[in-house]
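Both complexes below contain chain A, partnered by chain B and then by chain C.
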Partner chain A sequence: MILAFLIAFPLLNLGYRFLSLAITTGVTAIALYGLGIQFGQAGIMSVGHAAFVGIGAYTAAIVAGMFGIGFWLAIPLSIVMSALCAGMVGLPSLRVGGQHYIIITFCFCALLQIILTNGGTFTGAATGLDVGSIDHLFGINFDQLRNIYYLVTLVLIICLVTTYLIINSPYGRTLRAIRENEMLARAIGINIGLHKIGVFMVSGAFAGMAGILQAYYLRHISPILYGPFPSLYLALMIMLGGSRLIYGPLIGAVIVSFLPEIMRLDPIDSRIAYGIGLLIVVLLLPGGVSAGLLDIYRRLRPRSLK
Partner chain B sequence: MEIFFQQLVNSLSVASVTILIGMGITLIFGLAGIVNFAHGEFLMVGGMATWFLVSAGINFFIAVLGAMILVGFLGFVAERGLFRFTLERPMNGFIMSIGLSVILQHVVIRLFNEVQKTIPDPIGQVWVVHGVDIIVMRAIVIAITAIVVAITYFCISRSRYGLALTASIADPDTAALMGIPVRRYVTGVFIYGSVLAGLGGALMIALFPITPFTGSVVIIRGFAVSLIGGLGNVGGAVVGGLLLGLVDGLSAGYGFPEWTDAYSLVLMIAILIVRPQGLLGGTLGPKAS
Partner chain C sequence: MPALEVIGLQKEFGGVTALAGVDISIETGKIAGIVGPNGSGKTTLFNVVAGVYKPTGGRVLWHGKDITGKPTYEINRRGLARTFQQAMSFSGLSVRENVQISYEHGRSHSATSQRKINWSSPDEILSFVGLDRVANELAGSMPFGNLRLLGLALALSTNPSLLLLDEPAAGLSENESEVLTNLILRLAEMEIGVCLIDHDMFFMGALCERLIVLNFGTKIAEGPPSIVLNDPSVVEVYLGIEK
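And then the complex of A and B:
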C-alpha cells in the first residue's frame, strides 16, 4: 500500500512544491535509515550524521569537478568514502561510550564544517560547490523533477529492504546483543570492536548515498548543509519517528518535512512545534511515533478479534 | 611584547565567560548527571534578558541580576518539568535537551528577531597600564568570574552541602539512606548551573554582540572546557577555560584565525580519547546507557 502510494504520489499533481518536498524527505529518510541501524539496532547514537551525508555529497562534487566523473560512477565512490570516514569516526567509540561518544560525533561534525569552509577552492569554501545534472541512463532524462523523485524512491525502497534484511539477519541480532549488554555480548564471543566499526560503516554508506542524491538534486552544496545543526535535526527526526522499527525513520522524516507544510506554519513556528513534539514523544512515547502507532494497533487488534 | 600582553588580557576576559559556561556544564553533567545541550541557549537567554532590561533603561548590574534570576527559574522549570523524568535514561534526557535548545532558540527569534544585539559598554573606561589598554568592563568580568569560581570551589569542596552532594553522586542510594535529599540536590545543582549560564550570558553581552545562535557556538566550547578539565571538577573547568581562552586569543593574534574553533574541537576529541576522565580527573558523568 505504501509502495503504491509512493509510486502514485507524483501523479496526484500536487505541484512543484510538494514534489520537491517529497524528494527532500526521501533523501533525508535514506540518511535516517543509516542512523536507524546504528542507533536502533546497535544502540549507538550520533549527532554527527549529517557529516557523512556531507562527505558523500562533497565526494561526488569533487570527483565531478576534478575528473569529470558523472553521477552513476560517483555513487560507489561516495558510498565508500562516507563509509570509510564513518568507520574512522567510529574508532573512538571503542574507548569511550555513551554520551561522551555523542559529544565526539558532534565535534567531528563541527570540525568537518570548519574544514569544508576553510578548504579553499578544493571545497569551494563557504559558498560551496556547484554540481552538474544526472547523466541520462537507459534514455531516462533526470532533468525532470518527477524522474529524480522516482530515483530517490527507488533508492529509498532499496534502503528499506536492506534495513529489513539487516534487522532480520544474524547480523542484526548480533548488533542488538551489543546494544542490550555489551559485556555479555563480548563474553559469548562477539567481536564488539569489529561490529561497532562495521555498523558505523553501514550507517555511513547510507548517508553517503543520501549525500550524492542530495548534491545532484540541489545542484549546489555548501558547508552549512552539513554542520552540527542538520545533524541535530537528523537525530531529532530519528527520535521522533522511532529507530527500532522498519518504518520509524521514514515516519520521522515525513512528519518533520510535511507537517509544517500541511499546517502552514512558518519555519520558526514549525521549529518550535518540532521541539515541543520531540519533548512530548521522548516523555510519553520513548520508542518514537512508529512504536506508539504499533502499540495502539496491537491494543486495538485483539479487541476486534473477540 | 605589549601586543602579547594585550592579547593576554583580551583572552583572559574571553576565557572568563568560557569558564562560567564550562563550570555550569561541568556541575550539571558531572554532578547532576544531566547532559544539558540547551545550556548554551540558557546563556543566550541570559544575554538577551540583559539586553532587554538594559534597553529598557535599567542599570546593567541590576539587569545582570535579573538575567540570573530568569535563567535560574528556567533551569528550575526545565529540571522539574523535563529532566526529572529521564534521570534513569540519560540518553533520552540528552535528546530532550536538544529539543529544548531548538525551542528556546526559536522562541527568542520569535520574541525579538535574529539580528545581533549589543549593549553599550556599561562602564566605558579604559585603564592604561604600561602601554597595555585594559577595558575596565573586561577587568570586571574577570574579577566577577574569579569570585564566582572561588565561591563555587569552596562550597563544593569545603562545605557540608558540597560533601553531601559528592556523596549523592558517588552512591545515590546510600546517600539517600543517610538522609540526604538526593533529588533536591540534583535540582539545586541544575539551578545553580543555570544561574551561572545566565551570569555568563549577561557578562558576555557586555563584551560582544549576541545573536540567538550564540548558544550553539558556546555550547561546544562549554563541553570542551568541562570535558578537558574533568567532569564535576570546578578547578578543571577553570584550567580548561583558561587553556581554551588562551589558545583562542593567541591563535587569533598569531596563528590562523579561521581555524580558531577547530583547535578547541581537536583538543577535546584528543582528550576524550586519551583521557576520558579529563586532565584533572573528575567523575565519569552518568553511566553510559
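And then the complex of A and C:
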C-alpha cells in the first residue's frame, strides 16, 4: 500500500513544490535508514549524521569537477568515502560510550563544516560547489523532477529492503545484543569493536548515498547543509519516527518535512512545534510514532487473533 | 594435561591486591568449586581468566596455550564460557532471541571437532535448561531464577568445553537450586567441565568433586570437599579461631 502510494504520488499533481518536498523527504529518509540501523539496532546515537551526507555530496561534486566523473560512476565513490569517514569517526567509540560519543559526533560535524568553509577552491568555500545534472540512463532524462523523484524512491525502497534484511539477519541480532548488554555480548564471543566500526560504516554508506542524490538534485551544495543543525534535525526525525521499526525513519522524515508545509508554519513556529512534538513523543511514545502506531493497531485488533 | 591452568596469577587494583599469585588447574568433565569469604578474589579470578581484566602478573594457559590478557570474545571462541554473578541477559529481547544470538555465534566460531554438544537449534538449548515454555517472553520481565537459567543457556550455546559459573545458585529457592544442580551434573556427564563459585557450602559440598578455597587472594586449601571442609585453616577463615 505504501509502495503504491509512493509510485502514485507524482500522479496526484500536487504541484512542483510538493514534488520537490517529496524528493527532499526521500533523500532524508535514505540517510535516516543508516542512522536507524546505528541507533535503533546497535543503540549508538549520533548528532553528526549530516556530516556523512555532506562527505557523500562533496565527494560527488569534487570528482565531477576534477575528473569529470558523472553521477552513476560517482555513486560507489560517495558511498565508500562516507563509509570510511564514518568508520574513522567511530574509532573513539571503542573507548568512550553513551553521551560522550554523541559529543564527538557533534564535534566532527562542526569541524567538517569549518573545513568545507575554508577549503578554498577545492571545496568552494562558503559558497559551495555547483553540480551538473544526472547523465541520461536508458534514455531517461533526469532533468525532469518526476524522474528524479522515481530515482529517489527506487533508492529509498532498496534502503528499506536492505534495512529489513539487516534487522532480521544474524548480523542485526548481533547489533541488538551489543545494544542490550555489551559485557554479555563480549562473553558470548562477539567482537564488539569490530561490529561498532562496522555499523558506523553501514550507517555512513546510507548517508553517502543520500549525499550524492542530494547534490545532484539541488545542483548546488554548500557547507551550511551539512553542519550541526541539519544533523540535529536528522536526530530529531529518528526519535520522532522511531528507530527500531522498519517504517520509523520514513515516518520521521515525512512528519518533519511535511508538517510545517501542511500546517503552514514559518521556520520559527515549526521549530517550536518540533520541540513540543519531541517532548510528547519522548514522554508518551518512547518507541517513536511508528512504535506508537503499531501499539494502537495491536490494541484495536480482536484478542482472539493474538 | 589440564584444560585450564592458572599459574601464579596476580591482580592488583591500585593498592589493593585481589589475587596474590594463585595456582589452579581444572580438567574438563569434572566439577570444581571455588569458595572463600567475600573479597577473597573469586570473581576477580574469573574475570582475569575470561579476559575482562589483564593480570598484573602470572599466566593463564588453555590446553597448554597462553591466553593471558586475550580479549573476552576471543577466549569465549576457544571454548571457555562464563556466566555473571548479576544474572545478565539481553533484557529488551525475547528469551528465544537471546539464545538465538548466542547460538549463532557459537555455531560460527567453534570448530565442529571441539564441540561437546551439537545443538541443532536455539529451542533445543531452551528445552535443555527448561525455558522452552517462556521462550517468547521478554528476558527482562522474567523472575530471577529463570534469568539465572537463561545466563547458563547463553553460555552453553557458545559450545564451551569449560564453563565458569559465578554464583549460579545465589538467590535461588531450594527447588530452583535443585534444578540447577541436576543441570550441572548433566553437563559433567556430557564431558563439559564446570567450575563454579558459591558461598553455599551444602550446595558446593554435594556437587563438587574438588574444592579450592581462596582467602585474601591466595589459595589456602584444595581437595575433595570432605577433607577441605574439615581443614583447620578453612574452618578458621569461615568461623574464626577456636580458643
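Quick note on the criterion: the second predicted complex is superposed on the first by the 302 of 306 C-alpha atoms of A that agree within 3 Å, B and C clash if a C-alpha of one lies under 4 Å from a C-alpha of the other, contacts with A are read in each partner's own complex, and residues count from 1 in each chain.
Just so we're on the same page, a contact is a pair of C-beta atoms (placed from the backbone, for glycine too) under 8 Å apart; a residue touches a chain by one contact, two chains touch by 3 or more.
It should be emphasised that the depicted structure is a prediction, and the values quoted were computed from it without experimental measurement.
S.K.: Clash or fit: how do chain B and chain C relate after the overlay on chain A?
M.R.: Once both complexes are aligned on chain A, chain B and chain C fit side by side.
S.K.: Please indicate which partner A:Arg186 is in contact with in the superposed arrangement: first for chain B, second for chain C, both, or neither.
M.R.: second
S.K.: Identify the partner contact of A:Ile114: answer first if only chain B is touched, second if only chain C is, both if each is, neither if none is.
M.R.: After superposition on chain A, A:Ile114 lies in contact with chain B alone.
S.K.: Is A:Thr174 contacted by the first partner chain B, the second partner chain C, both or neither?
M.R.: A:Thr174: touches chain C, not chain B.
S.K.: Which partner does A:Met45 contact after superposing on A: first (chain B), second (chain C), both, neither?
M.R.: A:Met45 sits against chain B, while chain C stays out of touch.
S.K.: Who does A:Ala235 touch here: chain B (first), chain C (second), both, or neither?
M.R.: In the superposition, A:Ala235 touches chain B alone.
S.K.: Students often get this wrong, so check: with C-alpha centres, what angle lies at chain A between chain B and chain C, to the nearest 10 degrees?
M.R.: Placing chain A at the corner, the angle measures out to 80 degrees.
S.K.: Between chain B and chain C, point out the one touching more chain A residues.
M.R.: Residues of chain A touched, chain B against chain C: more for B.
S.K.: Counting only touches as set out at the top, which of chain B and chain C does A:Arg271 meet: first, second, both, neither?
M.R.: So A:Arg271 only meets chain B here.
S.K.: Look at A:Gln99 in the shared chain and tell me whether it touches chain B only, chain C only, both, or neither; answer first, second, both or neither.
M.R.: A:Gln99: touches chain B, not chain C.
S.K.: Quick check on the superposed model: minimum Cα to Cα separation from chain B to chain C, whole Å please.
M.R.: So the smallest C-alpha gap separating chain B from chain C comes to 13 Å.
S.K.: For chain A, which residues are in contact with chain B within the complex?
M.R.: Touch list, chain A to chain B: 45, 47, 92, 95-100, 102-104, 106-108, 110-111, 114-115, 117-118, 228-229, 232, 235-236, 239, 268-269, 271-272, 274-276, 278-279, 282-283, 286.
S.K.: Enumerate the contact residues on chain B facing chain A in the complex.
M.R.: Residue positions touching the partner: 35, 82, 85-86, 89-92, 94-96, 98-103, 105-107, 109-110, 216, 220, 223-224, 227, 258-259, 261-262, 265-266, 268-269, 272-273, 276, 285-289.
S.K.: Given the complex with chain A, which residues does chain C contribute to the contact?
M.R.: Spelled out, the residues of chain C in touch with chain A are 50, 52, 71-73, 76-77, 81-82, 84, 88-93, 97, 100-102, 104-106, 108-109, 154-155, 157-158.
S.K.: Given the complex with chain C, which residues does chain A contribute to the contact?
M.R.: 170, 173-174, 176-177, 179-181, 183-192
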